[in-house]
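Okay, got some structures for you below.
Across the two complexes that follow, chain A remains constant while its partner is chain B and subsequently chain C.
And then the complex of A and B:
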């Protein structure tokens, strides 16, 4: 038996074992009266609400404004969180890739020895910290912040920014470790300090990749920010769960379509940016 | 001196000739502006942030996340405290930790297997190369217009479905499905499977679209159909790279499975919220830490497998 078949078989066996472990049974999927409610919910998909479903209570026409507000808040929270993550990610990326730029430091340079000793221990430490920060989900961070600080809009921003900084830092440092070294080496031989080598020799080469990844994280951030609405942030999820609680399924679909439109639009735009960034590199 | 100035001139010339793209400049400037402007919307109220009260809150929080027996015996020596904490940890693990850990990992494995199967099936239909009326080589004869349109529809439609699948947050899918399916693993499994099938389908179809054309083109000229090209040309040569994506997504599945429990499905998140509801903050932190450990184990396993795969491929 070939190794590919072996791997597929192993994965299949693992899947069955895991299904048995969590007592997953196909019968759980059928024969539930609740399917009816989900059916009602999916029927509402065909006619998303344009006004409030109980128009008698609130004046009409404001619902579209509310959707706009939900999208605006989601966008603002994502932007704030991503701007913090960018700073955090650059710092983490700088420290985490210490190995790459210190190996480039000119032998016998004034800073050389002492700095490399500190940085190499720091390098290991920073990578461990990044892994741990990343391993806690942003929703869990949000709950921790709510408990520790009390209700606070900044809590949601920090909740996203912490794991995202670590993820960005990891990818940044990996990109920098794999960046071409020719320019950096030339700078070093002309007496540049390690920091100068890093900023002018290594960083410019990875900026397009770095940007592309940042845009991808922004898209993930939109999803995270929307979901944090279920946990007290004033983003799209909070509007959606209110409508859901009142069984206003047409409103729910309106919010859902709005979120999808935002994310898909951003996806198309960032896809175009990514293509152009790489074209710029090749020419 | 003149040599120096010609060099400067050459640098200026290079600078003028650098690739410039208005779309990129305007777009990325707007993006940067958005990031900066978000802080000036007044949404986050940094100025009215009451540091003193927040710090008091924080201190109270920190004093209560310490394991309960340690809170009860502040006079105990360090070694005794360590013993108390160890016993407490073991109790938590036996009581519900082990079960939650097993359930979370199991759920993530089932979900990623479903996602993998779904994406393997949808991938050739989403590939720009294979999902055309005449894949890879021009047709021998003029194809009827409906065939070309049909395949364009299938390709575009499938790609759009994959975009939709990965655009909806998995938490929201599970949130809706819980109503119909109840508090068992299915809502979480399906939510994770749908979201990740969308991502794996995109990554996989990019692999197919970027693979060297020698094998598929020769297969095609020998008369193979698109499913044959896919199953016997693309899959074997892209196998390990697809597996790398598969394991990378499994990591995130583990991470997301922990929080999907907050919808009432018994993964770690469920126990975390339960502890919070009982106001047992020490127990809550235990489940945060256990979740972190679970994710780290997933990361390590996946990193090991990917390292092996990268070495062989």
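And then the complex of A and C:
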């Protein structure tokens, strides 16, 4: 038996084993009253609400304003969190790639030996810190900060910015590590200082990739910010959970469609920006 | 003696019994050599002989393991960071593969020639917001290499020969005292090789610069450079005015050693 077939077989066996261990029984799905509830929910998808479902309480039209407000808050929370992550990511990325950079930029430089010593000790520390920050999900950070700070605004922004900083820092330092070094070496040989070698010799090559990745993280940030609404942030998720709690499924669908529209619109826009970054720099 | 008179009397480069090792490989073995200011010197020899290592030594990019090395009057075994930076920025080095930043415009690649003479913030300002005077200065060096119209072109849109001239312009923008070119004819179209050599020698004469060029092509070396230094297996094989070089000298220089051609080619 080929090793590929062996692997496929093992994956299949592992799947069945896991299902058996957690007592997954397809029969659980049948004959439950919840099916009716689910049917009602999905029927509502066909007619998302344009006004409040208990319209008697508030005047007509305001519900659309509320959707707009939910989207706006989600967007500005994401913008705040991503801006903060960019700063954090650049710092992490710089520290995380310092070892490789200094070996290139500062052999024999008067600051080189001192900087290398700091970088070598800092390097391992920074990479470890990044891994720890990244491995804790933003929801866990949100719950932590909500406990600690109470202030939802800061909590939500930090909850996203912390893991995102670490992820950006990791990607950024790897981009720098893999950037072509020949041009940077040429600048060093023409008398550029280590910092100049970094900023002018290595950064320009990674900026388009870095910006493209940043835009992708912004899109992820929109989803994260929306979800954090369920945990106390005043973003789209908080509006959703209110409507959900009142079983206003038409409203729920209106919010979901609005979030979908926002993400699709952002995806179109960022796609256009990315294309300009990769092909249109010279025009 | 005044500073200027002292500088004028200095040799451009002086090597005294210099050796360089890479692990167990001896790249240069007891090389002694003096090059006067304004001289035009070709370094010839088979590949792997040590020509690139020698050029990197002259550019203060490579440390000597043994021996004394003076570059532009500066003894290199005793310099620290800032003087090293000053020495390097006084020499324009044109790498064999140009080593430009492809995603940037020609203007920015040339502006980077002065990094060694600027502090970080000054260089950041100059690259992000080049002043009118700087743009004119870059335009002028590009005009000297025949590329003035490519000032704002994106570097990776240029041909290999044009990129080489951008690398030359970047070196010129340093206002160097010496130009060093590593195999400048190996990475361009053979038809462009003569033009490249013409350009380098003309620029050296115009700017009264010391010129050091490493190259394989003995015909080009003989027609453009008045002094040739032959290097073979890390040692100086012959150092003489070009008219003193005979065909037999070249034959011997490029003759393969005891090893078969294949083994020889893979030795490095």
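In this text, the second predicted complex is superposed on the first by the 276 of 283 C-alpha atoms of A that agree within 3 Å, B and C clash if a C-alpha of one lies under 4 Å from a C-alpha of the other, contacts with A are read in each partner's own complex, and residues count from 1 in each chain.
Everything that follows uses one rule, which is that a residue touches a chain if its C-beta (ideal position, glycine included) is under 8 Å from a C-beta of that chain, and two chains touch if they have at least 3 such contacts.
Since we're looking at a predicted model, the values are computed, not measured.
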When chain B and chain C are modelled together on chain A, clash or fit: clash
Partner chain(s) touched by A:205 [first = chain B, second = chain C, both, neither]: second
Which superposed partner A:187 touches (first chain B, second chain C, both, neither): second
Partner chain(s) touched by A:86 [first = chain B, second = chain C, both, neither]: first
Which of chain B and chain C A:242 touches, first, second, both or neither: neither
Contacts of A:144 with chain B and chain C, given as first, second, both or neither: first
Which partner reaches more residues of chain A (counting touched residues only), chain B or chain C: B
Which of chain B and chain C A:196 touches, first, second, both or neither: second
Those residues of chain A which chain B touches in one complex and chain C touches in the other: none
Touching residues on chain A, where the partner in the complex is chain B: 4, 7, 11-12, 14-15, 17-19, 21-24, 28-29, 32, 34-35, 37-38, 41, 73, 75-77, 79-80, 82-83, 86, 131-132, 134-137, 139-140, 143-144, 147-150, 152-154, 157, 211, 215, 218, 223-224, 226-227, 230, 237, 240-241, 244, 256, 259-260, 263-264, 267, 269, 272-273, 276-277, 279-280, 283
Touching residues on chain B, where the partner in the complex is chain A: 19, 21, 23-24, 27-28, 31, 34-39, 41, 43-46, 49, 53-54, 57-58, 61-62, 102-103, 105-110, 113-114, 116, 163-164, 167-169, 171-172, 175-177, 179-182, 184-186, 189, 236, 239, 243, 255-256, 258-259, 262, 269, 272-273, 276, 281, 284, 288, 291-293, 295-296, 299
Sites on chain A touched by chain C in the complex: 108-112, 182-183, 185-193, 195-196, 199-201, 204-205, 207-208, 281-282
Residues of chain C that touch chain A when the two form their complex: 56, 59, 61, 63, 80-82, 84-93, 95, 97, 99-105, 108, 112-113, 115-117, 120, 123-124, 127, 153-154, 157, 170-171, 174
